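The structures come next, written out as structure tokens.
Paired with chain B in one complex and with chain C in the other, chain A is shared by the two complexes that follow.
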Partner chain A sequence: MSRRPGFVLEVDTSTPPTLFWNGEGFTLETLPVGSRVIYAPEPVKAIDDPYGAIRHALLHPVGDRDPLPALLRPGMKLTICFDDVSLPLPPMEAPDIRQMVIETVLDMAAEAGVDDVVLVAALALHRRMTEEELRHALGNRVYDAFAPHGLLTQHDAEDPDNLVHLGQTDQGEDVEINKRAATSDLLVYVNINLVSMDGGHKSVATGLASYRSLRHHHNPQTMRHSKSFMDQPASELHSSNWRMGRLIAESGVKIFQIETTLNNDTFPSNFKFLQKREWEWSLRDRATFAATSTALSKTPPRIARQIFQSIKSPHALTSVQAGEVEAVHALTTANVWAQQGVDVEGQTDILTMGLPYICPYNVNSIMNPILVACLGLGYFFNMYRGKPLVREGGVVIMRHPTRPEFHPGHHPSYIDFYEQVLTQTIDPVQMHKEFEESFATDPWYVHLYRTGHAYHGVHPFYMWYWCAHALAHVGRVIVVGGDAKAVRRLGFSPASSMNDALEIASDVVGPSPTLTHVHNPPIFMADVH
Partner chain B sequence: MSTLLFERSLPRFAAARVVSTLGSGRGVGVGPLRLVERDAPAVPAEGWAHVEPTLSGICGSDLATLDGRSSRYFEDIVSFPFVPGHEVVGTLAEDAVGADGSGLAAGSRVVLQPVLGCAARGIEPPCPACQAGNVGNCGNLAFGHIRPGLQTGFCADTGGGWSTSGLVAHSSQLYAVPDHLGDSDAVTVEPVACAVHAVLGAPIAAGDVVAVVGAGTLGLLVTAALGHLASIGRCPAPSVVLVGARYAHQQRLARAFGCTEALPDDQLARAVRRHSRSLSYGGASGTTATLSGGADVVIDCVGSPESIAQSLAMVRPRGTVSLVGMPGKVTVDLAPLWHREVRLAGAYAYGTEPGAGPDDRVPTFALAFEVAAAQRTGQLVSATYPLTRFEDAVAHAGAAGRRGAVKIAFDVRKGPAS
Partner chain C sequence: MARSGILGRVRTARFPFAAPSWPTTVDRPDPERKVGLDYDHDWSRRYPVRLARAVMMDNVTRPAARLLAPATVRGLEHLQHVEGPLIFAANHASHIDTPLLLTTLPVEFRHRTIVAAASDYFFDRTWKSVLWAFALAAIPIERSKVSRRSADTAAELVEDGWNLVIFPEGGRSPDGWTQPFHGGAAYLARRTGRPVVPVYLHGTRHVLPKTVEAGARAPGGSGTESRLGGRLRRSPIAVLFGAPMTPDEGENARRFSARVEAAVATLSREVHSDWWQARRAVSAVAPVDGAETAHRGPDASAWRRSWALDDPPSRRDGKEWPD
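And then the complex of A and B:
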């Protein structure tokens, strides 16, 4: 049976209630008649032989690159960099695609007699991965072969001895990246392109960069002019990364980019109903939903979090392409769109979304209020091409418990950002000007980032900047079911129910607004005409 | 004439102590305080005058006394029965001379400087502290021609502010209230003077990080005093003033008084760490995290074991913790104080402060009037009660923060509630 494309449902009187994610749980909401619900396309068929496809891609690169074996020789310095724990979401069932690609690259390197090989997790300013996470991403064989010898490293954006400044772009942007990677004879980058924002020059120019470099594009000005940052040609974030990437190439850094795309088969069998359309739920799906919802409502949040964070996704490989960065990424982007694209006619007054338990920055961690804002206004809002799903001055309604809970080890600066910055301003520009540098250079945050498993001190600012375009675009943000104090701290309006939220929204969009719900995840990209 | 009288009664004292464990101020109904009819006290000597209170505040030390929580240290410098109330604005019942030597006509509005030092006690020559202008440190509080009492409001001979019949005050205690200052601002002048004294006594240097623990009346007034005195160059300007304030209204007021950040008290140490750019270690298994650096000066306006421990955890090595809130008997781990050579200093009351010249001294109250006017400290007066509703008033004061209030005062002019 061929897979079905994405779908825009118009709610009528016979439409069953719509599933809304609500953190570590979900609920059903009856949307007003005439509302639209956007469903993701069904999963693209997986590649039957991933190892074969990977090998083929490495032997048949695109763009101005020789096949990988031709680039490998004895005595050379090879660095293999890979995307970190933030991808994919949820983490995929073993074997992880990074493991499959890296094993194949290492086999070719071994065949060519390359013995100076170092693996680098491209963290940028993300937290360091744990051994368990590294083992999951790379497999035990790779981990055990490299980690004990100090050959499996994690990029340290605060290690002056292992950074190199390659110059400035014609826009004055500093390009400073991982020294080992930059000074290698070949840099192989292994990417997972879960969304269209990922990959391309962003892989190296962001994943292996320092704060000095990142600040040129991770700032409110850039983010407000990235419309959206999921659409590379319209994204200032990407324009900056592309300028940097080209400078990196001109500096003599030879990159062999390997990009992969996954299908959106997101949930394992016991949660499969979450990616079905409600009217197609079987009796068993309904029973599973009812039982799960009831159980979760009685489960302490900490336990519920453990349950959900243990979910491994059956994501499967749909494409792999390798070679020169831009040529590779053009193919990758097309493949991402083939999986995720949904045509949508026109904008809406109200955009609703149920926010799940996970975003790129709380894998095996806690979704704190700043990440809630980022997931809703940074990610979900920006999952468009053309124009935003919600009209300018419209309303975003999100559903999430938004508890003021933080992982002290992973997000220490987030706690201070929440208590010491958001209490004074929610304006990205003002906080950028008044607070960013002190957080970015704070010695304790730097220490925790370098030696523990903490996100960099500046990271909560970046999460807030991720919201900058949405914050400037929408008239109001309402959070249903969230901790009222936390929601207000974010500058949003709390509502106890969807009906309350719609009533609050009517102050902004009038009594008869149009409403569109993004039924996400599984994720999709709206092509808004 | 109605007067609230605090008598020596051990059973009632014990009862108040037990009931107040349910909440500060809750034990006043069973405690030693009662409303009685009583005439004004007689002037004890020449140089004294009658003052008819208008407003009289309820202070943290009053609450500690009413709750039976105050230290036994004070037993010998208090005489019973006494009329509480040492934060007083009132009018003179007869002509008098003020603390600055100027004449004050009957009917003049005055604020009371309540410390009963050598001058008020008729002791000649005065003790070295009084000679130096540091009346708060007077060593003769149990001697002279009035009975023991560290302040008006704790002395059996002077009366106190919680009385419609009035009190007696020595000329050294009288400060004229400027016309531009309302009664609400004026009734805060005494605690403002405490705050001014604390700020000017702390070794604050320009660019320092200063933390204020607690944002009740004292914490907020320390913040207000620091903000104003630094702005006019009377004290070095810290680069950062952080205030730990449990409640939203306290945070709002602290910000209005000019602090850099006001944040929940459990977040204060994190803010100190960030602003002092310190590292932090420990904090697991119930221990207090230790900072590699910390605040240069911590002003503890609470005085509890927890606040003192918190202050010691936030101050930098060789920094200073200034105790402004009245402490009692506390158990606290002094290992960090010893190891980091921290100075723990008391800051009590007022006297005189350094002036413009090397030998100049300025009365703390003179500066307090400036601060009260500039920062409109009367805005802290959240509610006033007639004496007849003293139980409600004290309960309100005991739960001020939780109930969105700061300073509760008696409006001594108010009659019984209808």
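And then the complex of A and C:
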């Protein structure tokens, strides 16, 4: 049977209740008759022979690039950079696609007699990956061949000795990236494009950049003018990255970009019901839902978190393309949209969404309130092309427990941001002016970022800026089932039930609003006409 | 009270504890079930299943069949010196035909025989597919049209050494007279090179009559079948095996099928006479070429067709009127 495209359901009296993620759990909500529910397209068929496809892509590059073997020679300096633990979500079942690509690249490098090879995790300001995470992403064979010799490194955006300033763009943006990568004869970048925001020039210009460089596009002004940052031509974030990327290329950095796309087969068989349409749930699906939701409701959050964070996704490779950055990325973006695009007619007054336990910044960690806001307003809100799903002045209703819990090792600056900044202002522009610099340059945060597994001190600001477009666009944000104090701290309205939330929303959008629900998993991109 | 409370709760259960209703705006696709021709019946021929089936056939089905339908079996001598696999082509008047035929087969054939069963009837639900695949070693066959897939499956199994029971009429006779044969048995014989054994089953419709659908009975019809439809009733039967037949050189499936049909019709005449009388009666009607010699019954009203069929054997087996 061929896969079914995305689908917009109009809720009627026969429609069964709709699934909502609720952090480390899920629930069913009965949506008002006439509401719309957007379902993602079904998974694209996976490539049967991923290693074969990768090899073919490396031998048949697109754009102005020779096949990879032709670019490899003895005595050269080769740096292989790869996306960090934030991709894909949830982490994929072994073998990770990065492992498959890097093994193939290393086979060719070994064949060509290249000795000077270094691997760099393109972290930007994210936390350093643990050994276990690196082993999962790269495989033991790669890890054991490089890590013991100090040849498996993680980008350090605060290491002045390993950064190089390549110049400024015509807009005055500093371009400062990883020195080893910039001074190599060839930089091979291995990417995973889970959403259309990923990849392209953003891989190097963001993933290997310093704070000095990142601040030019990770700021409230850029984010507000990225409508959305999932739609590259309409994204100021991407315009800035593209300017930087072109400058990097003009500076003589030779990049061989390898981009991959995955299908949206997100959860293993035990949780398959999450990505099915509710009226198609089998007896097994219903029993699994009932059993797991009941069990999870009685499980301490810490244990539930560990259970969910241990889930590995059966994501499978759907395309791989290699060569010159822009030519590669054009193909990649088309493939991402082929998997995730759903046509939606018109905007809505109320946009509802259930938020899961995971976002790019809490893999093997805790989803703190700032990340809840970022996932809802930064990611789900921005999953559109054309117009936002919710009209200007509309309401976003999110479902998540939003507990004021933080991972002290991973998110130390988030705790202070929550206590010191959000208590003063929730305005991205004001916090950018008044607080960002002190967090970004705080030596303790820098130390934790460089030596521990902490996100950079400025990272919570970026998460809040990620919400800037949504915060400027919507009239109210309501969180159902969240910790009331934490929700208010974020500047949102708490509601104990969906009905309460709709009642609160009616103050903003009137008594007979239209409602659209973002059904996930899996994720999708709305093409809003 | 407690019972009604539990039942009430079950009745009022809502999703996810009850099955989801289907949004009216969404087209309901055909269920993707592995049933019908798609049903995977390989398991039913694995050794443990065969063993279990043989135990059940010999210890449950066979005694029950003997009790329910005492059988007069003729023509088994035709099977004594023939090597399998064979294709048994029988007339079909009742659902009970299959187990009755299987239980009268000699033991060397009985436990290595599969049955071609209508995919749309016996394999339309998973539970039915499992039941018939296990109990009768049934395989799904497309009966409404020629299906290469069905034919391939059956042919492969015959070539693999399995005897096959097939009812070439494609369905049960509505009134006991034989319907025109489809060419399936003849085709398989030609394709596999295995002989066809004509079989006539007499009286099985009295054991388990075909249910007449509501409203289908013509005014003035016998009404017997509608009254008895679907209910088991003890009644003797007769099973007559003919000599194995192979296609003549150059004989196509259609002509061979007609010959098989005629052989079955000849066997039907043996029920109340003997082989020689039956042969003579057939020769007196027409050369062996299908329709003229077939067991079709008079072209008359429903009751006359029923009347023209032999009386139920049970009536004749009753006590003699005292002198």
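The rule is simple: the second predicted complex is superposed on the first by the 529 of 529 C-alpha atoms of A that agree within 3 Å, B and C clash if a C-alpha of one lies under 4 Å from a C-alpha of the other, contacts with A are read in each partner's own complex, and residues count from 1 in each chain.
Everything below uses one rule, namely that a contact is a pair of C-beta atoms (placed from the backbone, for glycine too) under 8 Å apart; a residue touches a chain by one contact, two chains touch by 3 or more.
Just so you know, these numbers come straight off a predicted model, no measurement behind them.
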**Message:** Looking at the superposed three-chain arrangement on chain A, would you call chain B and chain C a clash or a fit?
**Reply:** fit
**Message:** For A:286, using the defined touch cut-off, is the partner it touches chain B, chain C, both, or neither? Pick first, second, both or neither.
**Reply:** second
**Request:** In the overlay, answer first, second, both or neither for which of chain B and chain C A:430 touches.
**Result:** neither
**Touching partner for A:420 - first (chain B), second (chain C), both, neither** = first
**Request:** Please state, to the nearest 10 degrees, the angle that the Cα centres of chain B and chain C subtend at the Cα centre of chain A after superposition.
**Result:** 130
**Message:** Under the stated touch criterion, which partner chain does A:447 make contact with: chain B (first), chain C (second), both, or neither?
**Reply:** first
**Prompt:** Looking at the overlay, what does A:310 touch: chain B (first), chain C (second), both, or neither?
**Reply:** neither
**Asked** According to the contact criterion defined above, which of chain B and chain C contacts more residues of chain A?
**Response** C
**Request:** Please indicate which partner A:12 is in contact with in the superposed arrangement: first for chain B, second for chain C, both, or neither.
**Result:** second
**Message:** According to the stated criteria, A:438 is in contact with first (chain B), second (chain C), both, or neither; which is it?
**Reply:** first
**Asked** Closest pair of CA atoms, one in chain B and one in chain C, after superposing: how far apart in Å?
**Response** 43
**Asked** Hey, what residues of chain A end up touching chain B and chain C alike?
**Response** none
**Message:** Which residues of chain A touch chain C once you look at their complex with the stated criterion?
**Reply:** 1, 9-17, 28, 278-281, 283, 285-286, 289-290
**Request:** Flag every residue of chain A that touches chain B in the complex, lowest number first.
**Result:** 415-416, 419-420, 423-424, 438-439, 442-444, 447
**Item:** Of all residues in chain C, those that touch chain A in their complex
**Value:** 15-17, 19-26, 32
**Fill in**
So, in the complex, the side of chain B touching chain A is made of residues 251, 261, 263-264, 267, 270-271, 273-274, 277-280
